[in-house]
């Protein structure tokens, strides 16, 4: 083959490639949209257990009542098939439905508001062309008064929605900016990890300082060395997000396990690293109870050796922590809590599960276990059916005492409440009571803002 | 007589077979009552009992018998429950408890090979089954999907659909056997009800190496999983209900069963259909116990075949030291075997067999040997590591032909409840002994290929029992020579069915549980056909587990 | 696990050169026996019987370090199971000492002489190695995970019922 024919052949290839691209002009776009949808973990809320992807119907318990996720497949009758791209964008970034009604902020539109127009475009293309339409509607959400008034969200948005897309910080590197964009936006970490105020809005001054997801604690992931992830290397953070665990640090459980399972494990390595880069710079929020790093407590301890030769009491309610540990935990975590050779079955010391002053997640892991839906084999059984409240309190206290933060206690009542789905929320009653105050506050704020605006406009004329 | 219980279906025995028949019938909407002689057990207590046991090599030790429902115990001392009439002992081990004997099985869930059901026609020995392998295939599949069976395709048992999951990851030791025995022998992954991935809410195996006596993490399917599934489907379980009599009416239909509670109070349970699923020893015992004026030889026994054709899989074995460190004990206990000797023209002359490699940690045996030999001082530790790293074992699993003289009868001795104990009459014939002799050449060749030293063959004429209780209530088309028909219905009583490995007319060379389950599912379908779209409950379970 | 390294279980780490310790066993041992016993294992004076037990144990199982708590549990169980245990221990230690018996020849020697002490080494090694004291129906488990037969191979194997590791971790060659 001489040079000119080679050129010709190359040209032919290029032409062929471009023709192919023209046939499916959106292939790359659709792929990006799919990636972004995965990063946004849309499927987590918009798919019911055993249901069709994105067809909605999942009940999301919130302190103000159960919110039922909607069908976001491109069905024109039951989903978002008739949405225009601007309507789609408004839903995503402003919490506005096509019919003008407001979404509840269980939909993390306050995070998605950060999305760039390009990414919204890719997501729109993906949802419209790649997701299979499902023509069945999920049950409507019915919240108690006053939250059933969707209009109230307009006032809420006025207060709490910052609808400006993400603007990169030129002083920071590309990785940091990418990380910030993902953390604050699509990955909507703050939705769970940032504490909320009385009106359920994220407290932006305490970004990622720890929040609640149902009964689970979404821990502090600021750069604080004791309370947060300040002591973690970037690689450990990447491992955690990719694998659901970082050796000698922590395991993802509950909703975080779902986030890793559905979403984070599929992110590109560069994106995970970017997230880690950004998280390491989030302003530290320290909790006084954490007198040392929550992943640094404890050491190997063998409470099992003393049990040999002593038959278990007939009444299992009377079993000691060591006896419960022997019977239920030691098979995987080993007699001294050291985990397996490969670390695949984690040690219980140097583990946030036992080192955190708030023992709620420890109790929940014992109750519910950790179970991934994929074939990773990551699977700790739940013991809700095997152990009573008292047994779990005894066992969990043994774990914090021997392997974790000895100041962290677990009570029978705490277990009972977590088993029952958490403390009853007073938020509805509180909200009703506070409504008058809130409305007045909102009005006052509106007035204030207008005045300020007027003042700014007038000063601008000078 | 206290409060009367009643149900559409009354199942006697809550082992894996009875419970899965119960589950399937309950799923079809029948009211199902399961009567279990033994108590309910908790996995955690069994685990703790094993760790506290002074005889860890004895897998019955964590399962002490209850006074009202004794089962055989041989160590530290024979409790004398299963009487031995000889000439060869049949020291069966089984567990009378909710969930039954699979509490401590190794989860080997083999299918037959197709020729196993035609050995009379093909080889002129034993009997033919009243059904074909092809008829069994879908029931095997359903059983495998319920149990969550992991297996390889090259074990000699054809299949229409894939296994629910890939073979369990091969331990290093077994890999070395496979590599070093090839091409002389093909070492393949065993077919096991052990998870190679999360399945049906249960985790993948994490290599506790205590499949027997107890899987601490619920990675292998046990009878208790079947019981819980039956209960979830609506079946009710009555533990500590020691059935001592099955009552028939004037037409020969079963009207009720009678049980003792531990306080010996008597209870009567009525039903429309009855399933006897109390294993291959307790079931014939109960049929014989239920003799009446109309049926003086016991129920379902007009053929006189109840209790006869008792079989097992006797084993001989070879232990030796391999010339490299293999460290048995990493991963599950029974990972691999050789399956090429399970069928062939030789079956007209001697028994077929499987060759099974253990991956059970050798530390306990080696320690006992060292203490016995008086190896003390620095040499103790050195030898312990050397031997534990290199000691391996291969055993055969031999077929036994059905022989009416091998049988379970009622002993003159009675248990604490006043119920006659079972008595075993057993012998091992030349057909089986010849195969043991033949397999010694395989043992020697395997040892040679592994660079083996210190070869220790099990004593000539000594066979280990494998607890695969088969025969005793054989199925067949001829009511004169069999107890149940091809669907498990007793020839003599229209509404009495038997679900048990005891209905297997021959023992073949595979652990019998999966075949027992498959036959029981087929029996359940025969009693109450699955409604449309419900035939694939196992498939929907699988989908749920994948979702 | 390298054989010459001390065991991971905590040993009684008193100063081996402690003169009071030497004095304690001086009447009992010659240089031969002493060479087999790590001095760290000798016990304070009020527990001379236990000290002799630990010394004999060290000879029999050939370990440089033995866990003190385990020694206490085993001694208590053995003493409860054998009426003359402390005296027999002293007697056997004296015998080994006087006749310079190689531990590897000990059992054969005792068996050959039909010594009444013949069952003792097996009881003691069985207790340390298997964690089992007594025999037959009187047998009792006093240790499992910390029995020497678990400890000696702890770098390669977990005792049965304890997970080896995450699924499939057993497929690779043992890393010795």
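Going by the order they are written in, the chains are A, B and C; count residues from 1 in each one.
We take it that a residue touches a chain if its C-beta (ideal position, glycine included) is under 8 Å from a C-beta of that chain, and two chains touch if they have at least 3 such contacts.
Note that the structure is predicted; figures quoted are calculated from it, not measured.
**Q** Are the chains arranged, by touching, as a line, ring, star, complete graph, or other?
**A** Topology of the interface graph: complete, with all chain pairs in contact.
**Q** Please tell me whether A-C or B-C has the greater number of C-beta pairs in contact.
**A** Answer by contact count: B-C.
**Q** Can you give the whole-Å distance between the Cα centres of subunit A and subunit B?
**A** That pair's centroid distance is 47 Å.
**Q** Subunit A to subunit C: how many Å between their CA centres?
**A** Chain centres of subunit A and subunit C, defined by C-alpha means, are spaced 54 Å apart.
**Q** If you average the Cα atoms of subunit B and of subunit C to get two centres, how far apart are those centres in Å?
**A** Their C-alpha centroids are separated by 41 Å.
**Q** If I count partner chains per residue in subunit B, which residues reach a count of at least 2?
**A** Each of 47, 51-52, 197, 204, 206, 208, 216-217 in subunit B touches at least two other chains.
**Q** Tell me, which residues of subunit A touch at least two other chains?
**A** 308-309, 331-332, 340, 344-345, 377
**Q** Subunit C: which residues touch two or more other chains?
**A** As it turns out, subunit C has residues touching two or more other chains at 140-141, 144-145, 158, 161-169.
**Q** Could you list, by residue number, the parts of subunit A that touch subunit C in their complex?
**A** By the definition above, subunit A touches subunit C via 302, 304-305, 308-309, 330-332, 334-335, 340-342, 344-345, 377.
**Q** Could you list, by residue number, the parts of subunit C that touch subunit B in their complex?
**A** 3, 36, 59-63, 102-104, 106-108, 111, 121-122, 125-126, 129-130, 132-134, 136-137, 139-141, 144-145, 148-150, 152-153, 156-174, 176
**Q** Going by the contact rule at the top, pick out the subunit B residues touching subunit C in the complex.
**A** 47, 50-56, 76-77, 169-172, 175, 196-197, 204-210, 214, 216-217, 325, 327, 329-331, 360-361, 363-364, 366-368, 370-371, 373-382, 384-385, 388-389
**Q** Over in the complex, which subunit B residues touch subunit A? Could you list them?
**A** 42, 44-45, 47-49, 51-52, 197-198, 201, 203-204, 206, 208, 216-218, 544, 547
**Q** Sort out for me which residues of subunit C touch subunit A in the complex.
**A** 69-70, 73, 77, 131, 140-146, 158, 161-169
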